[in-house]
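Two complexes are shown next, each including subunit A; its partner changes from subunit B in the first to subunit C in the second.
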Partner chain A sequence: MLELRTWREKAGFIVILAVIAFFLFFPVYWALSSAFKANAELYLSDPTFVPHRPYLGHFINAITQGPLILQLGNSLVTSTASALLNAVLAALAGYSFAKFDYPVKRPLMLLILSAQMFPFGVLLISIYPMLQSVGLLDTRIGLTVSYIVFALPVSTYMMYSYFKQVPNELIEAAKVDGASNMKIFRRIVMPISLPAFITVALYAFMWSWNDLLYSMTLITSDDKRTVGPGLLLRYINENNADWGGAMAASFIVAAPVILVFSVLQKQFIGGVTSGAVK
Partner chain B sequence: MDMATTRQLGSTSPARRKPGYLRRSDRRFAYLILAPAMIAFLVMVAWPFLDAMSMALYQYTIYDTEPIFIGFENFRTILTDPYVLGSWVTTAIFVAGTTLLTMFLGLSWALLMYQDFRGRAVFRTMTLLPWILPSTVSAFIWAWMLNGRYGIVNMLLMDIGAVNAPIQFLSNDVGAMMAVILTRTWISIPLFMSFFLAGLQSMDFQQIEAARIDGAGNLKIVRRLILPHLKPVFLVTGALGMIGNLQQFDIIFALTGGGPVRATSVLSIEVYKQAFQNWNLGMASAIGVLWVFTLMPIVIFYLRSLFRED
Partner chain C sequence: MTDVKLDRVVKRFGELETIHGVNLNIEGGSFVVFVGPSGCGKSTLLRMIAGLEEVTEGDVYIGGKCVTEAKASARGIGMVFQSYALYPHMTVRENMSFGLEVAGEPKEVIAARVSEAAEILKLGELLDRKPRQLSGGQRQRVAIGRTIVRQPKVFLFDEPLSNLDAELRVQMRIEITRLHERLGNTMIYVTHDQVEAMTMADTIVVLRDGAVEQVGTPLTLYHRPENRFVAGFIGSPKMNFLPVRVKSVGSDSFTITLPDGQDISLSAPGRLPASGEMLELGIRPEHFIVGKGGDFEVMLHCDVVEELGGTTYVYGEYDECQIIVEGDGDLRIQRGKDGLFSFDRDRLHLFDDKGRAVMLQRDTDPSAGGGNSVATVVTAN
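What follows is the complex of A and B.
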């Protein structure tokens, strides 16, 4: 695309690359390196870039003291359940929109997509008393169901645009053979749409795993808290900032998402961008 | 397909139907599989939205046993409340700053990552990292980087002699706003880069070659060919970026809590505090209405561009 012939062009390219790369990656490196420093080294006025004596204490404290493991479990349960719930609902609705025609289809699609206009914080004003009235406030089920708010609209659209590309001939052929609609969906359409389904599930998983607002508001007991508010409550307060511990706990919390995405990232980015650009 | 043809198809003779799709049993199936998502949407999104909007017409604080209808009183209050208007301006600064900075850096990074060089694959893979980190984690990382006593940013600034004393980023107004813009930008660059990169894939190489032969330099090619080609991507990322930034809560809350005092108290923070700290639900909803009306034009613009291509 660009041609770098002269040394000035090459130097310019490398400088810009270095500056943005530094901005993008150095914070992560710095946090990781801080997590491995004992407090004596962490709070030096002349900081060390590589920990002189790698120290695991912050990680050990984060795991053995306090409720981090419990909160990881809570996050895992609520995020996985809401990801599956969301992906199933989105796949069914997306298929209905993509392969069938009925009078109210377009208005309904528009209605679901226009949900981006509804700020999550505003919805919470009503979701809170609603969950309270059915006894689901401060429960993991209530939180899981509330997470529909984040991802369902976009997920539905992502599944819709994927199903659009499934050739009609495939469905017609099965129909001629006498297969029912449900059978066609389960045996023919879903198997070839698994990549999209996984992408959508991951998309929803990430929303829930990273959430702070809903979890902070809808969960009030310590033993049900998820990682977002858990970290915040434990490590950030006025009189006591344990930065080494905060960094170590951060990486423990981030590890599952980093792991999943390092395996599936190409597919994921493709899914998210095509869902929104087209 | 527009509404007219849809309606026509619904009552048309068998010969004009698309084969196999419109039999009554098919339509019943279509409604059936749409129903779960629709019900979930109505219960968890549409109804709460309408309910919260109508709450704006009531006085409902922690002292009221039930909502008291007061008409537009809440709106009169917020439209004369300098704090609410200030919060709107704060939101505008945050959204404009973050969206523009992210677009600029996201595009630059996409151009760099489109170039062939050794190690590009590693860079591209790592780029995703800021985006997938939980928001509390990102806030922690930047709070530590910008720490007023031990933060590495201050130490680097002092090393190169840019400042004499450490800057207390998070406890002064401008510093706190810079911190939230910077952190949010940092998180959004990967997604923006992916959009721009997807747009670059469809660039016409012959056109660029031809321009080169005519003696066009890199800057000219970017300005005359690449930027115009990316125009649709600019519109989509711009709209999505603004919608996302207008909705942003987590990063700001974790990093500054809306402070110092109210310096980074955007609408999302304002609504949260009114609703769940002051328990003044009527007022929170009224601010929510203001928030919705700010979002609405952008969402409508985005949906129209999304549906035009169908």
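What follows is the complex of A and C.
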């Protein structure tokens, strides 16, 4: 535990915190401030920190003009589906690694984790022809499945660590009660592992929601595009750089994530800290 | 009444053998306690009976049927775990119903059995609570209730009271004993606490290093230990041991010399020790008599005196041997002073250099009246 005794130590600590907070929050503030500035104010050579007259035009344009709402829907569908798929697969794999013994367990765990060692761009080289060969290129299902690459290895380890803490006696009691392995997983283990499951789902959701590269490469139809490439192609491209619009759209796009986090915050923190405090 | 039989049961974890061919017959309806120090294999043995641990070699029979390969749920057993192992997200009612639901029992049957078990264990008011809202004793009762509703032929208890405080342990001990009397099922109970073993068991199985040391009624084990380990393990405070030398050997008797040079003549119905052989003499702390009155007398230099009110423990030295004496609460001995104690010939135990008991002829048999053992070892090891 950090103990600050003298006023110098306290002042130093506050300064460090302030610097970190500045680097963390100033870009967010600047983006928010820019979103509320009209273009005339936005491109002044002497930038203003607070908008002279808050301007909502960028927000209205982002919603009413262009496909942002459609792209939001696409992102929501693919991210939610991939988050759930990822969490379910991670839970099954993590449970198997944590509670069963079989000969190839260790190599299999390493193999899954090794997927995380490669840059995502490299994995895309093999994912692209795979999706092409099964006819899933330029489909939401194909994108959803490819998103598993991002989060599944770490999610599996997160679930594995959580399941390791589930007492074996609980599982044995259910075995004596006559429950099958799947029933034990579904009725006993999963209900008490909900915080970890939600944490893993949120983690996967964030990866998918923030994706640019995979969606840009695997989706070519405008009606299936997600928000990442959507924002880039509309607001910042070789012909155009609409910073005010980009910032406003970014905040609209961030809203669902913030909402999901606010609702599930308790479970998320519970999941993160559950291993530390027993 | 369901018998349980272990036939040359071996357990290996990789190369490490932890259970070395245990043979045991447990009569139906008996309350058998497996007792022994940590790591002796008592829980492993119980888990093999339960079907939670694979049997490496040998067979397990429950009710005359070989269940070595059977699943835990198909053995007709119910198990109570040390950590209660209650499903934390379910209410008491749901915890107790779960096994019956899995077995596909009709709702009316489940409700009836749950309320019957709740009545036996006085859980009626707690049925809608979650385990976290219960005290340790209540949780343990729910764990027992969960087992009762399944109506198992054999109850298995794996150190069920070790997480409870001293007062609750005594209370639960009595409740489990009453439950056994009421249900009459075979119960196998694992503990490292020899007081639990002595107070609850019809038969005690003492284990050490994965092998059975002795099987018998509590009083047989107390009065007639077959080896030094059992003699030291059963009884609290533990038995005192003194080195003695065999001075002379006759046709059916022999004489030993105590460390202070005092000779004691003893009769042995069986094997006699050899002259000059070093033996260990055992005498329980509670078998010392304060002052004269016994067959033999020893002078003890008292180092520590613990007065507990009803009982007094005297820790002292007798010819370089550490001795504990248990006297009644009225015993007044000053620390640092010498005290005279005596003991009777019939209270002595002798062990050879391999730890085996030398059977002594006794005028009175204190183990008589301890009942018949209902578990027998066919062959240990």
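Please note the rule applied: the second predicted complex is superposed on the first by the 248 of 278 C-alpha atoms of A that agree within 3 Å, B and C clash if a C-alpha of one lies under 4 Å from a C-alpha of the other, contacts with A are read in each partner's own complex, and residues count from 1 in each chain.
Convention: contacts are C-beta pairs under 8 Å (C-beta built on N, C-alpha and C of every residue); 3 or more make two chains touch, one makes a residue touch a chain.
Bear in mind the structure is a predicted one, so any value in this text is a computation, not a measurement.
Enquirer: Does subunit B (first) or subunit C (second) touch A:52, or do both, or does neither?
Expert: Neither partner.
Enquirer: In the overlay, work out which of subunit B or subunit C sits against more residues of subunit A.
Expert: Tallying touched residues of subunit A, the top partner is B.
Enquirer: Figure out whether A:175 sits in contact with subunit B (first) or subunit C (second), or with both, or with neither.
Expert: Both: A:175 reaches subunit B and subunit C.
Enquirer: Determine, under the contact definition given at the top, whether A:95 touches first (subunit B), second (subunit C), both, or neither.
Expert: first
Enquirer: Going by the contact rule set out at the top, does A:167 touch subunit B (first), subunit C (second), both, or neither?
Expert: second
Enquirer: Is A:188 touching the first partner subunit B, the second partner subunit C, both, or neither of them?
Expert: In the superposition, A:188 contacts subunit C only.
Enquirer: Check the residue A:235 against both partner chains and state whether it touches subunit B (first), subunit C (second), both, or neither.
Expert: After superposing on A, A:235 lies in contact with subunit B but is clear of subunit C.
Enquirer: Is A:106 in contact with subunit B, with subunit C, with both, or with neither (first, second, both, neither)?
Expert: first
Enquirer: I'd like to check the shared interface: which positions of subunit A are touched by both subunit B and subunit C across the two complexes?
Expert: Touching subunit B and subunit C on subunit A: residues 172, 175.
Enquirer: Residue numbers of subunit B touching subunit A in their complex, please.
Expert: Counting only subunit B, the residues touching subunit A are 1, 3, 6-7, 9-10, 18-22, 25-27, 29-31, 33-34, 36-38, 40-41, 44-49, 51-53, 55, 105, 108-109, 111-112, 114-115, 123, 125-130, 132-137, 140-145, 147, 150, 152, 155, 186, 189, 191, 194-195, 198-200, 203, 208, 212, 218, 221-222, 226, 232-233, 236, 240, 243, 246-247, 249-250, 253-254, 267-268, 271-272, 275-276, 281, 284-285, 288, 291-292, 295-296, 299-300, 302-303, 306-307, 309.
Enquirer: Hey, which residues of subunit A end up touching subunit C in the complex?
Expert: 167, 169-170, 172-179, 183, 187-188, 191-192
Enquirer: Report the residues of subunit A in contact with subunit B in the complex, numbered from low to high.
Expert: Touching subunit B: residues 1-4, 9, 13, 16-17, 20-21, 23-25, 27-28, 30-31, 34, 42-43, 45-47, 88-90, 92-93, 95-97, 99-103, 105-106, 108, 110-128, 130, 145-146, 148-149, 152-153, 156-157, 168, 171-172, 175, 181-182, 185, 206, 209-213, 217, 227-229, 231-232, 235-236, 243, 246-247, 250-251, 253-254, 257-258, 261-262, 265, 269, 272-274, 276-278 of subunit A.
Enquirer: If we count contacts the way the header does, which residues on subunit C are in touch with subunit A in the complex?
Expert: 50, 52, 71-73, 77-79, 81-83, 85-89, 98-99, 102-103, 146, 150
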